[in-house]
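I'd like to ask you about the structure that follows.
All chains are identified by letter, namely A, B and C, in their written order; residue positions are counted from 1 within each chain.
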Amino acid sequence: MLEIEDLKVYFRTNAGIVKAVDDVSFEVRKGENFTIIGESGSGKSVLAQAILRLLPKNAEICGRIIFNGKDLLKLSEKEMRRIRGKEIAWIPQSQTSLNPVLNVGFQCAEPLMEHFRMDKKSAFARIIRIFEFLGIGGNRIREYPHQFSGGMRQRVLVAMGISADPKLIIADEPTKGLDASKRSQIVELFRKIGDKTMLIITHDINFAENLADRIAVMYCGKIVEVSPAKEFFREPLHPYSRGLLDSLPSRGLKPIKGFQPSMINPPKGCRFRERCEFAREICKDEPPLISLNGRFVRCWLYDRGNWD
Amino acid sequence: MNRLCVTGLGIILLMVILGLLAPLIAKNPYKTDLKDRLEPPSLKHPFGTDQLGRDLFSRVLWGARTSLFVALTISLISMSLGCIIGAVSGYFGGIIDDIIGRIIDVFLAIPELVFNIALVGIFCAAYGVSTWNVILAVVITNWVSYARITRGIVLSLKEREFVLCAKAIGAGEWYILLRHVIPNSIGPIVVLATLNMGNVIMTIASLGFLGLGIQPPTPEWGQMINAGKDYITTAPWLTFFPGLFIALSVLGFNLLGEGLRDVLERRSFIE
Amino acid sequence: MIEGIGIRKVYKSGIFGGKAVVAVDRVDIRIGECETVALVGESGSGKSTLGRILLMLIKPDEGRVVFDGIDLTKLKGKELRRIRTKMQLIPQNPEEAFDPRWKIYDSIAEPLRIHKLADSRKEEEGVILELIKAVGLKEEHLDRYPHELSGGELQRAVIARALTLNPKFMVCDEPTSMLDISTQASIVRLLMEFQKKLGISYLFITHDLELAKVVADRILVMKNGKIVAEQS
């Protein structure tokens, strides 16, 4: 359904080149829920924006993004516009993508009217159904974004993303700012439209555990692990994945020591090296992607031949 | 770069250059030569001559100077005035906003040109004939659209969280208005100003045509058309060339304005 | 330290204010010196509104806010602004918290500049670099515009800005909603460290009950504008 091969996204800045996504390859299968978790600032949102070709002007992108047999990077802007919203829906991370001068109902209904030529009444009826499912009264549909609370705006973004019945949903932190019951409503909503293929980015471990089929872990522009969800939560492979799960508040709020390395001059070899308790001399070389019973991990620890 | 922008900018630059170079490439626009009255366009007089035998090419070029200069003055004054009034009204709200809002409504209800004509009439009666009458009259009607747009932008900016955050770190009201709110509303205002330049040029020409604008012998397009209309069958170039230049400059500003709107709006979408 | 008494806020909308949303409904809240009070509750229950009222960023329709014995609802603009250096907000939505036309550095330096707290550019830079490193950002981020940072990086920049003024009271409105759990843990630990060092009181708004249990001395639960339960 969606295949990403050797994708690189670099940003030119005054301080140097930010390698936000560096040689990333993965595949999202049809009907699957593929969830990306990982360090803040590791390039997850940039990856999503690259798939939709919505990157700012200072970005350079290369590699292949194959969606249903077409390489999205080769399409014209016009063809791309037809794919956005209709075939691939995007639930952006940033609430700034809501237009402050249009009421929320109209913003959600607009893609329906545009892509599916729905009339205004049925489009609004559909939006109201989604809103009410997510716990926003239908009578508030004509209000403006600033009149909504943070969590309500987040639900508007979700409603806007899924209303158009797309083939692939890319959701960037769809549950941020929501309480537990609203989160489970979103899980339920995503299950309902479950035959859809989904690429989800989240920091919400419970959400990932409930919904994901496969988990990918991103660290400093690279994907360091891809595992089926069940096995991942039973036993994460990569040292970063382990550290991440250990810093859950319920497990004592123990952060991994240190902070993410610079994306302009990342450390050579394994980028997690400076924070890893297992690091050895060999980790100064780029670790290979190792396949282990259908799981993938980028770490020397699992290269039996070289590690021991 | 956007194609509309480039075309519009090209036309405007051409006008500006022609206007600036008028003293160099054009002859004396005031020199009458009764022997050469109503000559059709020729090598000697590219646009022909008028009823007093003045070279029309020179007059049209000098006319560009007048129109652009007067329009720019009007736009700058009404923009500053309108933006400040609109921003204050939208930002501080309350009773100030109510009063200014009412005034804006009243102004919008009166047809602009009619209002202008009346104003110029009054000023002429009071202070005698001068170009400042035109400027003042057009400014009085023109600031309204700036005030209205700025007020709307500021109202929506005021709800944006970064304004609240500035307040939270202890910034004063005027500081927030000047450092955060106004700079963020510049984009749409620039678009408006560009589109508005076209309108102002039209208004000046209309007033000129009615004999209420900039007075002869200063060359001005509207007034030239007025003078040429009596000869429209025998010497059509007298109305054609000034008309062409009016149309071109209005077109130029409109294209540039539309182009800028495209660029600015698209950018805010991606960001 | 800070106390809200009988606070009520109604938002009216529609023509003639026909539709009314009672965002906060006669709430009493007290936060002591060096105390962390967590505020949890479903989305739209009025938590952010209450936080903003305690900072006097919006005026309550009824009720009083008392900070260090001073009734803030009675203060005039200038006096209120002076007190603002002692209370800070970490807003819920970090993407909207910075002026989109300002570089991150200038936005973080803004509080120092407004209150003229740094004597030289060098001192200012020193303060900012130290804070930036504490929240896990790098110098390279300072020269960018807000839209050129990731959500979590922005959120940390906002936290750094709130800390520049060494406040006594902070409303943290979901301060870690965009962070991965490891970074969240370090930021929360950082906030607790500052609390010990400077004696800050926190109103900590969150949706994560587990997190609330770890950080807070007391947990208040809000529903439909009212505080309906308290656990400690």
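Criterion: a residue touches a chain if its C-beta (ideal position, glycine included) is under 8 Å from a C-beta of that chain, and two chains touch if they have at least 3 such contacts.
Since we're looking at a predicted model, the values are computed, not measured.
Student: Edges wherever two chains touch, nodes for the chains themselves; is that graph a line, a ring, a star, complete, or other here?
Tutor: complete
Student: In terms of C-beta pairs in contact, which of A-C and B-C ranks higher?
Tutor: A-C
Student: Measuring centre to centre with CA averages, how many angstrom lie between subunit B and subunit C?
Tutor: Result: the chain centres lie 47 Å from each other.
Student: Could you state the distance in Å from the CA-based centre of subunit A to that of subunit C?
Tutor: One centre to the other, that is 27 Å.
Student: Do you know which subunit B residues sit against two or more other chains?
Tutor: 160, 271
Student: Would you give the residues of subunit A that are in contact with at least 2 other chains, written as numbers and ranges?
Tutor: 56
Student: By residue number and range, which residues of subunit C touch two or more other chains?
Tutor: Answer for subunit C, listing residues that touch two or more other chains: 93, 96, 147.
Student: Which of the residues in subunit A come into contact with subunit C in the complex?
Tutor: It comes out as residues 11, 13-16, 18, 37-41, 44-46, 56, 58, 93-96, 135-136, 139, 143, 147-155, 173, 176-182, 203, 205, 243-245, 247-250, 253-256, 259-260, 262-264.
Student: Of all residues in subunit C, which touch subunit B in the complex?
Tutor: 52, 55, 57, 77, 81-82, 84-85, 88-89, 91, 93, 96-101, 110-111, 114-115, 147, 158, 161, 165
Student: If we count contacts the way the header does, which residues on subunit B are in touch with subunit A in the complex?
Tutor: It is residues 152, 156, 159-160, 270-271 of subunit B that touch subunit A.
Student: Along subunit B, where are the residues that touch subunit C in the complex?
Tutor: Those in contact with subunit C are residues 160-162, 164-173, 175, 179-180, 183-184, 271.
Student: Using the touch rule from the top, collect the residues of subunit C that touch subunit A in their complex.
Tutor: 11, 13, 19, 40-44, 48-49, 92-93, 95-96, 136-140, 143-144, 147-153, 155-156, 173-174, 177-186, 188-189, 207-211, 213-214
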